[in-house]
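Two complexes are shown next, each including chain A; its partner changes from chain B in the first to chain C in the second.
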Partner chain A sequence: MNKAKKKKMKKEVVWAYLFILVPLSTFIIFTIYPVITSVITSFQKYRPLGSEWVGFSNYVSTFKSSLFYKALKNTAVYTVITVPIGILMSFIVSIMIVPFRKGIQSFFKGAFYLPAIASGVALSFVWKWIYDPLPSGLLNSLLRFFGVSNQNWLGSSKTAMASLIIMAVFGGLGQNIIIYIAALLGIDPTYYEAAEIDGSTFLQKVRYVVWPLVKPTTVFLAITSVINGFQSFQTAYLMTGGGPDNATTMAGLLIFNRAFKYFEYGEACAQALLLAMIIAVFAILQFKVSANDVEY
Partner chain B sequence: MGLYRRYGTKDKYKEKTRNIVLAAVLICLAVITLFPIYYMVISSFGAPTEAGGASYSLIPKSFSLASYQFFFDYSQYSFRWILNSLLVAGIVTVCNVLFASLAGYAFAKLRFPGCQFFFFLLLVAMMIPYQVTQVPLYILVVNVLKWQDTYIALVAPTLVTCYNVFLAKQFFTSLPTSVIESAKIEGCSQPLIVWKIVMPLSKTVLAVMAITTFLGEWNTFFWPFLVCNSEKMQTIQVGLKNFSFANTTYFAPMMAGATISALPMFILFFSLQRYFLEGVTVGAVKG
Partner chain C sequence: MKRKITAWILATAMTAAMLSGCGGEKAADTSAGAGEAATSAEESEDAVQGQDKEAGTSGEKDVVTALLPPVSATYQDKIMEYVDAFNQENADIQIEVTTASWEDMTQKLDIQVNAGSPPDIAFVGSDGISKYLDLSMIINLNDYLQDELSDFDENVLNYFRNGDGTYGLPAYCEVQCIGGNKEKMEAAGIDWENIQKNGWTYDEFREAIKKGVSTEGDDTCYGFVFACAGVTAKDYFSIFVKNADMPASFDKDLKYAYTSKKMLTFLEDLRALIDDGSMPKELSSVDAGKRWNMMLTGQTMITGKGLSSFERSAYNNNKMLEEGSADAVENSIPVEYIVLPVPVFNGEQHALGAVDGYVCLTGEKNPDQAHLQNVAKAAYYLASGERAAYTCQELYLSPVCESGREEYAKLDPIVDKNEANTACVELLTTQIAEARPDIPAELSAKAIKIEDEVIGPKFQGLLSGEVSPEEMYQAIVDAGHEAFGEEGCVAD
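Right after this comes the complex of A and B.
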């Protein structure tokens, strides 16, 4: 290599480092450093001036607290119900949207996606009034037509979680639908012709052609929704504050309360790390299980 | 669409009825999903009276802007909340597009020692749940750096996100290297290559990035809620939440506030729908 070329290469390297300087320092300061301190803090009792080492006691007290298990159970219930219903519903709706013209398709895509654009804070207000416990409340007056008695939707531990789940399913449909439609439109029509020649009905086509072919999309949606479900915090915080009787306290809210209500930073960090581990295990498992029979 | 077509049969009438049935079902579902938004907007035009249940009506009976007036009168900073949100989301968006482009280009087209390692670091950072970082981040920003109630606290942690760098890198990799090579031969410097060649060639993906970043930043509640105590520095989402806690019985003004917080995004959505919808699928569907 001659000198001029070498100099040019060196210049390129300098530019490359300059280009990644800002993102890299942002990650190091605001992600990597906090992760490391999070691990350290989880073994400490945090005090503004010099924290005290307490060994595993934050973890021990977490494992001893029944609220931790309750929060995990709530998170699991919320996720296990929300994710499959959400995915199945959006799959069906996408199949229904697909035969229409482009313009009509975009209209429906937009209609289902709109709730995802409104801020969570704004939507939580509206849903709170829909779930109003008084007989004049919207959902209560609607259900009276069908002979359902008055419910204290968010105030009773029986219905609070279900109320949050309904809200989450309808709010999250749009995103899944748009992704599914893109996947459906990417399917080569010759598959349908072949299935047709073999005499398959519409439902058979959906089951044996479409469903396997959009499987990678389904896996993607399932994994991302499970991760989001495990981390969900905002809806429960704004709608119920975790009540009644901690029936809607999920892991995200539990950690938030530990940290910013009771100022137990160490325990909050320990719980957050445990949650991260659970999420990681889940994501890997889910990926392994579903990757086995994905046909690309 | 081959999924529905039956080859060999040409039953136009059947196809029409099928489409009408499908459209009817879809419209019913869309009405359910859109209902909360409709209800929010409609109720915001009600009178700001304090009464439970007085204004539960699905069809607007009266049209008044008094509730909006009520919302803006609640705090002297109501307008400032909107400005704060606009400012923060604007800065974050510009920084993200700029820095993610530069870094994405470096990762995609430049060879430098540690390239792989730094990119790996990025991927790892992307997978960490925010709960893990929230407490140390709060301690760092509020206790160590003393940034509470400043714009820098709102902007800095999301100045450029891992996801956006990743997105830019993925897209820039597909750009033809020969174009960049020839620009280099013509004596074009690296920053100019990004500015004059890479960025113009990637307008769509950068527009998508800008919109999703702006949307996310406008709607974000958690972080501004943690670091902004003074009313003056709150964003619209945080202000809205505090307003609602202080005025739980004022139904119409709450809906007015909610509408105000959602309206800018709706306007943006209806004018740039294509980019919004593209933003959802980018990175999700292969090929």
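Right after this comes the complex of A and C.
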């Protein structure tokens, strides 16, 4: 390599670092720094006018708290049900939308994506109206036609979690559908033609062509959905407040209450870090199990 | 070269834009995961710094900041006029008000407190002082106000006391009780006038609400509906438990009172009201808006919690119905709202008084004594005189300070006010459970935690029929023993 080329290369490297500097600074300030601060705070009794070092006591009280385990269990149940149902439904809906011409596709994409841009508070009002517990409630009126008796949707521990899961699945479809449609449109049509020549049925094409080719998208959606599921907070906060009898208290809500209701930031940070570790373990496991044959 | 210069400019602009929001030091003190907290703290500090700068340059005015919610319908507009008047009268003090909705108020204040830069004055419930006291960020007004404190009714002021300190000034004391539909109660043969004067027992109440239940086709009118969805379930518990011979969570010997056997009887009694069919079995999902809608649409005879100001809400809706206005609640009927005392389960009649008012806070800035004196003066101004009178009248309440009462007498009387309700509220105000400044903040905080983490959730379970009274009682006993030890709890 001659001198001029080396100089040019060096300049380009400088430019590259300069542009990386902006997102890197953002990452350091808004992600790394808060994480380090939260690690420190998790060993303290946080006080605005001077925190006190308490060692591992925040972790000890977290491990002793039965509510923490209940919240973890609730979060796991919520995630384990929401993620597969959400992915499967969005995959099916995407396959149904893709054959339409562009204008109709856009209409459906917009319609399904609408809940993602709507305010969570506004959505919670709509869902509360749907889940109205009295016989005059929308869902109860509908079910009465089928002979199902009146249900106390959000007030009973038997139905509260299911109600939140239904809300989360329908509310989260839009984003997955947009991503799936992009992946489906990226499949080379010659694969379909070849399958048709071989006499494949529609379901065989889905099973042997589409599903393997969108696997990287599915893995991506599964991992991000699991992370979002474990971090779930808003739905329970707005709809049930964690009740009844903590049947819908998620880890995120527990951490929020610990920090902002009781001002126990140290314990909240300890719980948040433990949750982050659990999420990391799940994400790694998912990569190991389902992403072995996936190339990005 | 041109392109490189453009790239340089863009990169610099991006970096500068990104870093421009990171000027405050407070963000460093907030915990991770509290992004919102950090941002708000920075905004708050910037605002305070801006105010200090203003004060510094003028060299005249000491700026006192206040964070105030919409206490009554026109409070936030009216208070600005009063604050302007105060600022003109006081050459050395400038009150600067930040308004917030009720929903935002607590969160905004808590974030500012935890960032170490709270407003000088905030409007809070007296039950919240223990957490600010625990953080050593609330000012003891005994050091700055002397004669002014005697302006307030002693029992009401006591709600803002802890130990020997006075940590706030009450704006009002709102009796939290229940309220009924006059026409429906009379149709059920309930002598509401006698009940307003002499109260009623649990058994009388139980029989009365049974009579209030009626069904027409698919429509049911219940005898009693209390808002119990989410955190409101705690209101039902707190308001009624005062009349079960447990006016506070600690007895006079500072033993945790809710472990008493009286609690079990109380829980069984509450559950019986649902089992009777007098209250909807879906009660645990009925929120505050829904139950008021049920009251106005004739789906319940009695509702809770009831506040004095509900009389005005019902009156306004009746007016709209008369005028055929589309703003009237859909399917509503004319309702004459009657204030009713909570039935007595056991012991004496007590009422729950929600005492809200102004607290003075301090943070990392360590304000000097002169500033704190000004803050206390401003807080007294907001809590007393014409401000108190006007606020109380809007809320259909009586002022809790002498100066407020004097000004209240000068105001135009409320049109079409039900005098029987006024008399009942005055009587209930005299029955408000005694304030307990003797309960140390630490014990208070533990009791609040049990209420939030055990009583609230289990009570929701009890209302939905999934937790038995015995299970809930046992959970309270276990939590009490864990928090206070067996010797720290009532055992009978």
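We take it that the second predicted complex is superposed on the first by the 263 of 296 C-alpha atoms of A that agree within 3 Å, B and C clash if a C-alpha of one lies under 4 Å from a C-alpha of the other, contacts with A are read in each partner's own complex, and residues count from 1 in each chain.
Here, a contact is a pair of C-beta atoms (placed from the backbone, for glycine too) under 8 Å apart; a residue touches a chain by one contact, two chains touch by 3 or more.
Because the structure is predicted, anything quoted here is derived from the model rather than measured.
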Joint occupancy of chain A by chain B and chain C, clash or fit: clash
Which of chain B and chain C A:Asn152 touches, first, second, both or neither: second
Touching partner for A:Thr240 - first (chain B), second (chain C), both, neither: second
First (chain B), second (chain C), both or neither touched by A:Thr37: both
Touched chain A residues, chain B compared with chain C: B
Touched partner set for A:Ala259, first chain B, second chain C, both or neither: both
Chain B versus chain C as contact partner of A:Val22, first or second or both or neither: both
Partner chain(s) touched by A:Arg47 [first = chain B, second = chain C, both, neither]: second
Which superposed partner A:Trp127 touches (first chain B, second chain C, both, neither): first
Touching partner for A:Ala268 - first (chain B), second (chain C), both, neither: both
Steric overlap of chain B with chain C in the superposed model, located at which of 5-13, 167-175 or 185-193: 185-193
Residues of chain A that lie at the interface with chain B and also at the interface with chain C: 15, 19, 22, 26, 29-30, 34-35, 37-38, 41, 46, 48, 132, 134, 136, 255, 259-260, 265, 268-269, 272
Footprint of chain C on chain A - complex, ascending: 15, 18-19, 21-22, 25-26, 29-30, 34-39, 41, 46-49, 67, 128, 131-136, 150, 152-158, 240-246, 249, 255, 257, 259-263, 265, 268-269, 272
Residues of chain B defined as touching chain A within the complex: 1-7, 18-19, 22-23, 25-26, 29-30, 32-34, 36-37, 39-40, 43, 52-53, 56, 95, 99-100, 102-103, 105-107, 110-113, 115, 118, 121-122, 125, 127-140, 143, 156-157, 159-160, 162, 165, 189-191, 194, 215, 218-219, 221-222, 226, 237, 240-241, 244, 251, 254-255, 257-259, 261-262, 265-266, 269, 273, 276-277, 280-281, 284-287
Residues of chain A touching chain B in the complex: 11-13, 15-17, 19-20, 22-24, 26-27, 29-35, 37-38, 41, 46, 48, 93, 95-100, 104, 106, 108-115, 117-123, 125-127, 129-130, 132, 134, 136-138, 141, 170, 173-175, 178-179, 182-184, 186-187, 189-193, 196, 202, 205-206, 209-210, 216-217, 220-221, 227, 230-231, 233-234, 238, 251-252, 255-256, 259-260, 265, 268-269, 271-273, 275-276, 279-280
Complex contacts: residues of chain C adjacent to chain A: 4, 7, 11, 14-15, 18-19, 22, 28-35, 38, 107, 110-111, 113-116, 131, 134-137, 218, 220, 229-231, 233, 280-287, 290, 363-364, 445, 449, 452-453, 456-458, 460-461, 463-464, 466-467
